[in-house]
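Sharing a structure with you now.
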């Protein structure tokens, strides 16, 4: 079995690359999928359809185009990893976690200890809380190859 | 038909009371349900089962007890209203929104204009974005009685 | 058992009233629900949230507010009656029919013979095709009380 | 991942070919499926089973045979593109949109600006509204390869 | 809890009445629902919509009208009792059993011993096989009140 | 797309072989699956687990072993063909039809005209009624390759 | 909202009565449902249908009759409480827990500390682990009335 | 079709190996998946995330990591084999059986005759009860190749 792992959340650090290269090195039977992680491209995802002058509707239109990809990947993945960094609101990451929870898709959170309290609802529905990408890879290794 | 409306999110202002009293005054065929909104009680929800010394597990245990109520209400409601205030992380509110989205339950977001951009994914899956409790009540009035 | 019947489609003739009064007269164990059928109110359903200048987004916003009501009623009804008149596009009626079909909710179409051919896909998934409100009432009477 | 895209609606212009050839040229990881688009064949789909004299039942029988294909493709596709041209009723296209909406399958509408108002319910449940096949291809490119 | 019990199958003996009166006498918290059991009415269920000359389509139209009732009751019942008599094909009874099995709705079969072999697939998915109405009532009594 | 077609029902004539060889000749993108069609093997399917003396339980045990195969194939197939011959009760065929109907899996019935009336409920939920294997193959050809 | 709570597991101590009377005293908006808890009646549940000589089939027949009640209650309850005592295998209790987990129904386990290790999979999918009936009542009180 | 078979339960005897090697020898179109069966590894599955001092939470954390694998395999398998040995509580095996039952996934139990009575609920929802690995292989052979 090839496991599909969706990597949700923070886009300003290289946590995805760390997980992917370590998984590749370990030869894990895993393929990774992600939302579009280039900030400007993501914000402009809908502009090709005509760029609304109003900010709300521009965001709305782009977010719906992005949702085609995100929703499809979440519904098809076997496991999600959901990363919360130390900056920004990252409500989309929590939204993805809620989406996984409702679908019954197991997910692993990845965040530092200092945000344990505000993330308690998100962690409570998770199957694991990791603090480093290396821990995530260890869990993936155990789950897929032990 | 009596509509069940779940009020999710911010617990430090009186937006719930505003909506509920206006809905009552307008005689709307609506009943409201909410998570436990008393902060300290919510944090201590699981302590009766034995209070873990470790903060992560105490939060984990309490969040799971709270989830019995929250998950039940979300799965039974017809509409959710999801409030983001100007303070705190409020990842649980975004989590509830994702949960609703996956279930196909319509929800209305309630937040100020200055957080439109970070909430774009949450708003894109919403049926309406309101900026005031009064607008939420107008929408509920239209939907349930027009 | 009280049957909930959703009346979808044309809003410019009195077919709803005909069905409802005949059902009432016959004392059928049926309650009827409908979308908002006042044209101007429906088009303005979202304006309370701020009226977008752009027509597409104004329509979009109003249609989503209307969808809170429509989707809820379709998902809760036992039977839908879907009416196609001789004017207008009425794509929303066909949309509701497709929605019912996917949910497995039985629906009855109500339309004249001259549009049998363009409605063949919609009729093929229906449980009955009626040409008059009186026939609809006869079917409801048989189904709920025979 | 190979994305399956269902092309629903208008059969009298070459919009399907435009999308398919542009997608192929761009090497998108996409496969396209469609209903039978030859008008006469589609109308006669059930005749092999015995051709009913009555027009309604002939249409009924053919539409059900076509539905075997259409329903299967809609339930298996990842994305649908739903095209409304400037002629004909095209209720089947709106029916397909409603079916997608109920399943939670993301779809993109493709139509001119002058029919924005009658399509507002169909567009409100869509993830994007495009006016040209080229825009559809841009969205597919972004979603599947960005 | 009030249990809804659907009584499917044979319409030419009084097994329904036997079960209903015994259940009533025993004051069981049970309500019974049934298809239309008047043979001629059932065959003519769709005639109000216009009676097709062709027998297949007349049966088709009536069977679909009956299905509005049958499908609704099967999907809402808690338990089904499915009766096979010693005459007629009774494929509709076996059809209802398969429908229940797919939904996960528990059903009890009611038939004589001499048709155990041809009914083995239907019985294998049942929760109980009874030979008399009195046994069915005993099971209902145990299940709902023990 | 490779279509999976489940062939249910009568086991005493060669209708399966006729369909399969014609489909192969026409190079249809179809694979066929069937229940075990060897009568004695099917009746003895559970005997390896210990043969119950009581006929009911022997049948029960074998039918459940057969159901592992049948249920899996029905749930995975894209289309079912359900054959009623002129002999035997064939309640299992009608059971399979009901199972398909509840799952929303399209099926084609295959039977002679003289049993149209007792099969009306089964036919009403079918997508097509064929009288010969050749017609079934024509429908499969149209659906999968037109 | 009246909450339905299913009480599963051990039948040889009075834990159900303790929970029920404490809940009643506290006026909780809760109704309790249970499997048949009289051991001999439960073992003989199917005997009315004819008592098989073989022990396996007698147990099988009775267990299926009991399952009509158990499955219905589990599928309708909002919360389950699953009790493991210090005697007997109680595989049915663990079976009910797995059933709840697959349905997404929240459940609370009730057992002593000395069986924490063998119950770790059952506890991991639970929303809470209680050691006393009083703790269960406290959790129910908090969830339904806080 | 390649059948996926999940092997759940007892980890202290070589029943898995017996089934797998016999299936391989018989060239069955079957692939087997299992939970992690190395006892110590399984108990320590979550330790990489930080080993909680408290036994309950250490077990909890490890069980959740194991559940990522188990839940995924159960939801993807076509058939489960669930083994109860003569030692230990094996509540996880009964939990897996309940999970399968709720999903409608067919499963075969494998256990000695002396525990027929305490396993009656688990067996009642099973498709077969085998006493030896050889019998399981016979059933798999029949189901997948007869």
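The first chain written gets the first letter, and so on, giving A, B, C, D, E, F, G and H; residue counts start at 1 in each chain.
Here is the rule we use: a residue touches a chain if its C-beta (ideal position, glycine included) is under 8 Å from a C-beta of that chain, and two chains touch if they have at least 3 such contacts.
In UniProt terms the chains read A, B, C, D, E, F, G, H = YtoQ family protein.
Given the structure is predicted, the values throughout are model-derived calculations rather than measurements.
List every chain that touches both chain A and chain F.
Chains that touch both chain A and chain F, as defined above, are D, H.
Quick check: more C-beta contact pairs in F-G or D-F?
Pair with more contacting C-beta pairs, F-G versus D-F: D-F.
Among F-G, A-C or F-H, which chain pair copies the contacts of C-E, with over half of them the same by residue number?
F-H
Chain H and chain F are one sequence twice: same or different residues at the contact, by the over-half rule?
Different residues, largely: of all residue numbers at this interface, under half are found in both copies.
Just the number, please: Cα centre separation of chain A and chain H in whole Å.
Each chain reduced to its C-alpha mean, chain A and chain H end up 31 Å apart.
Give, as an integer number of Å, the spacing between the C-alpha centres of chain G and chain C.
44
If you average the Cα atoms of chain C and of chain D to get two centres, how far apart are those centres in Å?
Here the centre of chain D sits 23 Å away from the centre of chain C.
Which chain D residues touch at least two other chains?
64, 67, 104, 129
What is the complete set of touching chain pairs?
Pairwise, the chains that meet the contact rule are A-B, A-C, A-D, A-H, B-C, B-G, B-H, C-D, C-E, D-E, D-F, E-F, E-G, F-G, F-H, G-H.
Provide the residue numbers of chain A that touch chain B in the complex, in ascending order.
Residues in contact with chain B: 55-56, 59-60, 62-64, 66-67, 70, 84, 88-103, 113, 115-125, 129.
What part of chain C is in contact with chain A in the complex they form?
On the chain C side, the touching residues are 52-54, 57.
Considering only the defined contacts, which chain H positions touch chain F in the complex?
1, 3, 78-79, 104, 106, 108, 127-131, 135, 138-139, 142-144, 146
Using the touch rule from the top, collect the residues of chain A that touch chain D in their complex.
The contact residues of chain A facing chain D are 33, 36, 38, 41, 45-46, 48-50, 61, 64-65, 67-69, 71-72, 76.
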